[in-house]
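Every chain is named by a letter (A, B, C and D) in the order it is written, and numbering of its residues begins at 1.
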Amino acid sequence: DGEAVYLDRALDRPARPGDSHKGQFGGVRVLAGAEGMGGAGLLAARAALAAGAGKVYWHTSPEQAKSALIAQPELMSTELTADYVPDGSIHVLGPGLGQGDTAGALYRRLLLDDHDARGVLDADGLTWLARFPKPVHNWVLTPHPGEAARLLGRSTKDIQSDRCQAAMELSERYQTTVILKGAGSLIAHQGRLYFNHPGDPAMATPGMGDTLAGLIAGLMAQGLGAEEAAKTGAWWHAKLGAQLAQRYRIVLATDLIEAIRLR
Amino acid sequence: DGEAVYLDRALDRPARPGDSHKGQFGGVRVLAGAEGMGGAGLLAARAALAAGAGKVYWHTSPEQAKSALIAQPELMSTELTADYVPDGSIHVLGPGLGQGDTAGALYRRLLLDDHDARGVLDADGLTWLARFPKPVHNWVLTPHPGEAARLLGRSTKDIQSDRCQAAMELSERYQTTVILKGAGSLIAHQGRLYFNHPGDPAMATPGMGDTLAGLIAGLMAQGLGAEEAAKTGAWWHAKLGAQLAQRYRIVLATDLIEAIRLR
Amino acid sequence: DGEAVYLDRALDRPARPGDSHKGQFGGVRVLAGAEGMGGAGLLAARAALAAGAGKVYWHTSPEQAKSALIAQPELMSTELTADYVPDGSIHVLGPGLGQGDTAGALYRRLLLDDHDARGVLDADGLTWLARFPKPVHNWVLTPHPGEAARLLGRSTKDIQSDRCQAAMELSERYQTTVILKGAGSLIAHQGRLYFNHPGDPAMATPGMGDTLAGLIAGLMAQGLGAEEAAKTGAWWHAKLGAQLAQRYRIVLATDLIEAIRLR
Amino acid sequence: DGEAVYLDRALDRPARPGDSHKGQFGGVRVLAGAEGMGGAGLLAARAALAAGAGKVYWHTSPEQAKSALIAQPELMSTELTADYVPDGSIHVLGPGLGQGDTAGALYRRLLLDDHDARGVLDADGLTWLARFPKPVHNWVLTPHPGEAARLLGRSTKDIQSDRCQAAMELSERYQTTVILKGAGSLIAHQGRLYFNHPGDPAMATPGMGDTLAGLIAGLMAQGLGAEEAAKTGAWWHAKLGAQLAQRYRIVLATDLIEAIRLR
C-alpha cells in the first residue's frame, strides 16, 4: 500500500509577487553552537538565506558568531542559550548542535514542551529524538541511513535492505515528513512516498546535509508546508548538485549554496 | 499640489576628473556596533566604498572591527564610543546601531546638538528620531512603511493606503529628503515627489536597506546634495537589483555592492 | 638498477560509484597549530577536502580554528593537543607543525609508538624525522632538496647533483614512498623511480608544498596506496599548476586548491 | 638638466627560469600593526605575494594576524615588536604603521641604525622620515604631494606647481629613488626623471598606495634594484588599474592585487 512517485520535474520554488517585502518571507533560526562544528550551522544558515527567507538568525557562541559577519554579512546572530523561547520562526535543530546540556534543553523546549515550534530536525537533533522519541508532526526529519537505524531501533544494513519500507515506517512512527538520505533519497509523508532526483556521487562531501536542512527551512519560512518543502528542497538540492557535478569532480556545500540563488 | 516625476533614466553618478585623488571624494563614517547586527554596518560601509567615497570608517566594537580586515581591507575602523565628535564626514546612523546608551548619545550629539552633522538616517536611527522628533534638514531619511508609520504616528496600513501623501508629509514634517521604501519607492523633497525604478521582488532580502543607506552616503561624500544623492542612490540600487534579478532568484546585498562598482 | 618511468598521462583519481556516500571516502586529520603558520595547515586541510576526502579535521589552536569557519566551513576543527590518539584517518604531519613540545609528542606518538598510523610527512615533520630517524613505511615523505639533505646527512648541493640517486636512497633508507620536490620532482618507491610532470616556475610560491601534502592525504583517504597516491597527487599538482600558469604569472596555492576539484 | 623619459611600454617583470624554487624569489616583511589600520598592512603583504616574492611575512598584532589566515593563507605572520632585527628581507615600512613607540623604535632600527636594511618607505614611514630626516639610499620613497611637502618643508600647493622639480629635489635630498604620486606619477632617481603611465581616476580609492608599496617590495625581493623596481611597479600599478577601470567605475585595491598575478 502507499503510492510511490518519481519527482521528475522541477518543483516550483515559492513565487515572489511584485509588491513583496522581506517581512513576507518569514524567519529562520539555526540553533547550533558546538565547538569545532560551527561550519555546519553556518552552512545551514547560508542555505536558508539563499532559499529566500526574509530573515535568518544564527544562534551560536559569541566566538563563532563573529565569523558570520565575514562569511555572510546578511545573517544576524545571537548567543545560543538554553532559555531560548521559540517564536514563529522555522528552526533548524541539529547541524552543529552537539549533545551537551544546552542542546538537550533546547530539544526539550522545542520538541517536547512547545507544540507549535516547527522546523527541520537533522544530525544531532535526530540523535536527541532517538533518545527521547515522540511524534513530531511540525518537524521535517532528514536522517541518513545510520540515523534512520537509530530512530527505528534497527541496523543500518536493515534500513538499506528496504529503504522504501524504512522511510514509510519512520514517517508513520514519528507522524511527520521524512527524507531518508543516501544515493536516491526518499521522501515519505502520510503514506505517500517520493523518489527524489538521483543527484550525483560528486555530492558525497561534508556539509551537504546541513545545506539541505537550511534550504528546506528557508522554503518553509516562505510558506511551504512540510511535505512540499521537503520535496522541493530535496529535489533542487539533488538537481543543482548534479548540474554542478558536470563542472566539479567534487561538489562542495558552498558551491551548492551559491547555486540555490540562481534562476 | 506638488509635482510627481518618474525617475526613468540613469541619473549620473559623480564624475571623476582626470587629475582626481581620493582626498577629493570625501569621507563616510558608519556608526554601528550593536552585538549580532554587525553585518548591517559592514554592508553600509562597503556600499559607501563601492559608491566611490575617498575614505570610509566603520565605528564599531573592537571585536567586529576585525572582520573588516578580511571582508574589505580598504575600510578603516575605529572604536564606537559615545564621545565621538562629528567632523565633515557624511554619517550613516542606524544600521546595526541598536537602542543602547551609546546609540542614544550619538543620536543626541549628531542630530540634536550638532547642526552641521550630515548623513543618512536609517533603521534604528529612525527609531531614535521617532522618539525625539525634530527637523533634520541635513539628513536623508530612508524609512520602510513601518518606520514611516512610527515617524508620523499612524498605522502602517494607513501609510500604505496613500504612499505619496505619506512621503510628502514625512518630508514636510522633518524638513528633509525622504525615501519611503517598499515596492516602488518614493522620494520626497521640498514638495517634489519622485517615483523610483520599481526594482524587483528578488531584492526583498536582508541587508538591502543597509546597502542603500551606504550608497547614498557615499554619493553625498562625493559632493551630491541630499535630494540628488537620494534620487541617484535609490535609482541605481533598484536598477542594479533588477539587473541582478535576471540572473538570481534571490539577490543578496553583497551582490548589489559588487554591482555598484561596475561601469 | 631500478626502473625510471615518465608520468606522462593523467593518472586516474579515485572513482565515485553511483551509490557513494561520504563515509566511504575516509577521513583526513591535519595536525598543525604553530603560531603564525596557520595558513600551512589550512591549505593542507582545504586541499584534502578538494581531493574528495569524506571528512577533514584540522587539529589546531582554538584561535586558528575559528578561521576555518569562514575560509572553508566544510572543515571540522578540534584543538591540537599532545594526547591525540591516532584513529584510522590519514594524517598530515608537518605543515605549520613547528618544533615545540606538542609537535614532538605527536611525532613520537604517530611515528615511533603507533605502527599503524599513516599519512604524509612534510616540512617540520621531516625535521623531526631527521632528528629521530626510523623506517616509516606508512608515510609518504615529501622533502624539498634541503630537507632531503638533512634526511640523508649530506649537503643540498650533493642532493641536487644526482637527484635520482638521492630519491632512491631516501626511499630505501626510510623504506617508504618519497617525493623529492624541486623543478621536475621525482617519486621513488621500492626501487621504482618516476619523473613527474615538470609543472611551471609560476608555481614557485608559498604554500604549494602544503597543498601537495593535503592532496596526497586526501587521495590516500579514498583508498589509494602510498605509491599510487604520491604519483597521482604529484602529477595532478604539477599538471594543474602548469595549466593555471597559462593564466597567471604567479600561481598561488589557493588557485590550485580550486582547480583540484574541477573535472 | 636631467633627462625625462615617458615610461610608455611594459617594463619586464622578473623572469622565472625553468628550474626556479621559491627560495630564489626573496622575502618581504611588512611591518604594520596599528589598530584600525590593519587593512593597509594586509594589502601591502598581499601585493608583495602577488608580485612573486618567495616568502611574505606580516609583522602585526596577534589580533590582526589571524585575519591573514583567511584573507590570504599563503602569508606568514609574526608579532610586531620593537626589537625586530632586520634580516636580508625587503621591508615595507609605513602602511598601517602608526606613530606610536613601536613604530618609532622600528624606524630608528631600520633607517638610522642598520645601514643595510632595505625596502619601501610609505605613509607613516614618510612621516617618521620627515621628523628624523637622513639619506636613505636603500629605500624607495613613495610620497603623495602632502607627504612630499612635509619632506621638503614646503606647501602642497608648492609641490604641485612644479612636480618635476619636487620629485628631483626629493630624490637628491634623500639620495634615493622617489615616486611622487598623484595623477601622473613621477619617478626620480639620480638625476633621471620618468613620467609614469597616467592610470585612471577610478583608482583614486583607499589602499591603492599600500598596494603599490607592496608590489615594489615584491619586485625588489626578486632582485630588481630600487630604480628598476620603482619604475616597473609604478608602471604596472597604473597600467593594470587603467585596464580595470574599463570594467569598474571604482577600482579597489583588492581588484588590483588580483590583476597583478595575471599574465
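Rule of thumb we're sticking to: contacts are C-beta pairs under 8 Å (C-beta built on N, C-alpha and C of every residue); 3 or more make two chains touch, one makes a residue touch a chain.
These figures come from a predicted structure and were not determined experimentally.
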**Study point:** Shortest path length from chain B to chain C (each step joins two touching chains)
**Key:** 2
**Study point:** Touching chain C and also chain D, the following chains
**Key:** none
Check your understanding: Could the interface between the copies chain B and chain D be described as same, meaning over half of its residue numbers are common to both, or is it different?
Key -> different
Review point. With chain centres set to the mean of the C-alpha atoms, which chain is at the far end from chain A?
Key: D
**Study point:** Gap in Å, rounded to a whole number, between the CA centres of chain D and chain A
**Key:** 50
Check your understanding: Quick one: chain A and chain B, Cα centre-to-centre, how many Å?
Key -> 35
Point to revise | Of all residues in chain D, the ones touching two or more other chains | key: 66, 70
Review point. What are all the chain pairs that meet the touch criterion?
Key: A-B, A-C, B-D, C-D
Review point. What residues on chain C touch chain A, complex-wise?
Key: 13, 16-22, 24-25, 49-52, 54-56, 65-66, 68-70, 72-79, 260-263
Review point. Which chain B residues qualify as touching chain A in the complex?
Key: 36-40, 42-43, 63-64, 66-67, 70-71, 144, 182-184, 198, 201-202, 204-208, 246-254
